[in-house]
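Alright, structures below, take your time with them.
The two complexes that follow have chain A in common; it is paired with chain B in the first and with chain C in the second.
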Partner chain A sequence: MALIEAAGLTKRYPGVIALDDLTVSIEGGIVGLVGANGAGKSTLIKLLLGLIEPTQGTAAVLGFDVCRDRPHLRRIVGYMPEHDCLPSDVSATEFVAHMAQLSGLPRNAARERTADILRHVGLFEERYRPMGTYSTGMRQRAKLAQALVHDPRLLFLDEPTNGLDPEGRDEMLDLIRRTGREFGIAILMASHLLGEIERVCDSLVVLDAGRLVEAGPLRNFTAATGRLVVEVDGDRDAAAAALRARGLRVTTDGRSVFLVEPADDRTLDLVRDVVAELGLGLVRLEPARRQLEDLFRRSEAATPEAVRV
Partner chain B sequence: MSSFLTLVRKEIRDAAQSRWLVGFALSFGLLVLLFARVQSGGDVFAEGFNRTTAGLLNLALLAVPLLALLLGAAAVATEREQGTLATLLSQPIGAGELLLAKYAGLTLALWAAVALGFGLGGLLLALVAPLGALDRYLVFVGLAAGLASASASIGVLLSVLLRTRLRAMAAAVLVWLVLTLFYELAAIAVALTISASGRTLLLASLLDPVEAARILGILAVEPNLEVLGPLGAYLATELGTGVTAGLLASALVAWVAAPLVVAVAVFRRQDV
Partner chain C sequence: MSEQAASSIYDLGYARYSGPRLGQAAILTELFRYSVRGIFGLGRGLGSKVAPMGLAVLAAIPAFAQLAIGALIPREVEVFRAEEYYGYIQVVIALFVAATAPELYGRDRRTGALVLYLVRPLSREAYALTKLGALSAALLVITLGPQLVLFLGNAFASDDTFGYLAREADTLPAIVASAAVIVAMSAALGAAIASQSPRRAYTTVGIFAAFFLPWGVASAIVEAAGGGPSGYVLLASPFHVIRGSTLWLFGADPEPSSPMATADLFGGFYLLAALALAAGGTYVLLRRYREVAV
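Let's turn to the complex of A and B:
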């Protein structure tokens, strides 16, 4: 059974299509939902949680229809919203235990589970402090704790590193990775930061302006391109010209790095020989891989104002 | 059901920590004693419950709806503004269930405040004053609780319809002004100028929960045509006290149910 299946899923607001005819099937693991701000990531998560009604189309999460089976669905998913959702005058223990009880846990079980989960996210020592006194990182952890407390099968994380400094971001990404790997909880993580996605996720769903750009395992997005990346220390143009003279296709990108096709053993030898003949330093020579950024460059060119109506 | 009760308990706990409700309860407890003293004309507490109840009625008709409307208006709008609404609704609880739980918790807290405020004052008064009109005093306390329920219901509807807390609370104050002040003035104007039909006057008294509670309160305390006002006087004369009380009590119940039903219907369709 797929983790998430959507068919023709569309959400329109007056004047804008937030999500446009999304058809996708997402398998388990840690899934990155990537897109620029306004791409439709939060809209998709809210649709999958049944918090908003689709204008068109259907979606199922873990086999439950998002419109018809909301109570069942919400017992097995957790949601960490992008925006702040924590009351400032309440302690993390009180808040997380309340959410646990709301999800159906008896009071004592909720208390025990809250202590466990606050330990997992690293807030155990600070659990009785009012959340208004927490740092941004601690508040993000408390948000994650309330999403995890009822032991969901799937976790929706909307921009979980929002507002965090680099160290806090690393810690949060590590926590997400451990939650997915050690607890075996499937995760759909929305982010506009490609670096984060690359570090944590197994697969990707890429949205742009409400449309699906591409979906699949992360390795597909970073597969070898059949070209070599060459970086030289010295006269790059001379090296490129020499390689072209030997029948290779060479693309330059304005820096000391350029791309050479095809990426086979003969080309590797040729590059080595040319660089040696010209007396240049060879800084880098490796197979070129696709970059996640390429997806957005392509989609920008393909769909100029696709979602405006 | 457990989620529903969890939310109700949370609402009551929050209300108990709220300065509004505690302040309200304490103020009214003191006012009961103050009214008893002032209205006894120096002979402390000599007049007991009846005069105290009559004096408190007008004050309660102003304060109880204002408090209940404001707290009701804040109920959903605050959650929406703080971003907690989406988190709550991501739990296995339906939108209608959530709204009803919030309303139930708020209403129980208001009842507790009314019972505590008027009850404590009444208890102290009972220690030093005649107990002859205690039954009327209890009817008055029940009426205040009923009015609180109806006003909270209207407040919750405003909270659902108006998406920010500020707008919902401003609308609550406007509704309060209309229900407590302008409505009565408009009723007098109608009665004096266009000699409205009996049906119009009957309808007019049912369409304002505060007016309905006012007439009910006067009927319970001291049914006097001069005090009842144009609508109350007409009803008491034409329909008799019993039928009037039944009609007005039904109107109060309808004022509890109708806004709540509309609020649930709207809230279920709203995007979070």
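Let's turn to the complex of A and C:
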């Protein structure tokens, strides 16, 4: 059974198409949802949570329709919103236990699990303090705790490292990876930071301006591209010209690095020979791998808030 | 801190939960409990307790005054009668609603927590109505509570306590019914206004205005016109509606030369107006919560 299945899923607001005819099937594990700000990540998560109604199309989460089976679905998913959502004058213990009971846990079970979860996210010492006194990192942990306390089968995380310093970000990513890998909770994690996605996720859904760009396992996104990366020390243009003369396709990007096609053994030999003949230094010669950033090269010109690593 | 936090993450793991998951009734009960506590500022800072607790005490002062008088003076003295009580405390009721309803509804929108409620097995309507129930329960405490104290106080103040109880027992239905009507109307009116904005400053003033402006305006119109069809404007004034439906339920008359005596409406109209305000307020609340963005 697919974790998430969408067919023609569309959300239109007056004057804006937030999500445009999304058809995708996502398998379990830790799934990254990538796109620039405004790409439709939060809209997709809210549609899947049944917080907003689709204009068109259908979606199923864990085999349950997001509109028809909403009450049942809500018992087995957890949600960590992007924005602040914690009252400042309540302690994490009180708030998380309240949230657990609102997910249907009996009072005693809610209290026990609250203590366990706050320990799991590393907030045990601070659990009786009002959340208004928490640092950003602690608040993010409390947000994660309320999403996990009722033991969901699927966790939606919207920009979970928002506002964290590098150390806090590492800890949060580690926590997410452990929650997904060791406890078997499926995770859909939205982020505009490709580096985070690469570190944590098994598979990827890429959105751009409300449309699906690509979806699949992470390795698909970093597969070999059929080109070689060549970096020479010296007269780069001469080397490129010599390789072109031997019938290879050469692309330069204005630096000392250029790309050569096709990436087979004969080309490797040719590059070695040509560089040697010209008396240049061969600094780098390797198969070019796709970079996640490549996905956004095209859209970068169009959208000012482009994706950065 | 981070090292210690990281180690606690590693040492003590996450556990799966396989115990029971309760139904809608338990979920709504928890929201109700949490909301009532919130209304009185329980589990929050001292500042959150001052207004609701202070107003609850104010609402009960006449009743306890009667108790004290009954204890001190060994004759039958009824300083405060049941049908007058809501007249004494109606300003306190309005202030209580103005002080608590904006926080009850606005808080979760200001803090952003509303979305955490709405992703749980809880519909938008159930959320809004459960909070309305919590506000109604809190209002019952400050209206019906003092009335019951008053009832017992008057009984003990009487020379013949059991005779009083037997004689006055038939006012109990009116005491309960008038409290229910007043509470339903005031809570729905407050919730309808409180749901319009997360900003407490606006909605508090709005609720205050909804009670006090029509009161002054309607009284002035009736006094200027001196009777006639303009008397029906009193039905648009929550305070007059509270007073009118209470008097009608107790079978009592408004004091002479008051706007209500001048208007001389059939008392049942006030009750109908109260029910209409309760229904209208609830409708506005539900419609608002269907479209609140999260």
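Please note the rule applied: the second predicted complex is superposed on the first by the 291 of 309 C-alpha atoms of A that agree within 3 Å, B and C clash if a C-alpha of one lies under 4 Å from a C-alpha of the other, contacts with A are read in each partner's own complex, and residues count from 1 in each chain.
We take it that a contact is a pair of C-beta atoms (placed from the backbone, for glycine too) under 8 Å apart; a residue touches a chain by one contact, two chains touch by 3 or more.
In this text, all values refer to a predicted model and were calculated from it rather than measured experimentally.
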Report clash or fit for the pair chain B and chain C bound to chain A in the combined superposed model. clash
Should A:I117 be classified as contacting the first partner (chain B), the second (chain C), both, or neither? second
In the overlay, answer first, second, both or neither for which of chain B and chain C A:A186 touches. neither
In the overlaid three-chain picture, which partner chain does A:E53 touch, first (chain B) or second (chain C), both, or neither? first
The answer to whether chain B or chain C touches more of chain A is C
Which holds for A:I4: it touches chain B only (first), chain C only (second), both, or neither? neither
Contacts of A:H83 with chain B and chain C, given as first, second, both or neither: both
So, A:R75: does it touch chain B (first), chain C (second), both, or neither? both
Is A:L204 contacted by the first partner chain B, the second partner chain C, both or neither? neither
Where on chain A do the contacts with chain B and the contacts with chain C coincide? 46, 49, 51, 71-72, 74-75, 77, 79, 81, 83-87, 98-99, 101-104, 106, 146
Within the complex, which stretch of chain A touches chain C? 46, 49-51, 71-72, 74-75, 77, 79, 81, 83-90, 94, 98-99, 101-107, 109, 113, 116-117, 119-125, 146, 148, 150-151, 167-168, 171, 174-175, 178-179, 182-183
Can you check the complex and tell me which residues of chain B touch chain A? 2-3, 6-7, 10, 82-84, 86-94, 269, 271-272
Listed in rising order, chain A residues that touch chain B in their complex are 46, 49, 51-53, 70-72, 74-75, 77-79, 81, 83-87, 98-99, 101-104, 106, 146
Given the complex, residues on chain C that touch chain A span 2, 4-6, 8-9, 12-17, 19-24, 26-27, 30-31, 34, 43-45, 48, 107, 111-113, 115-122, 294
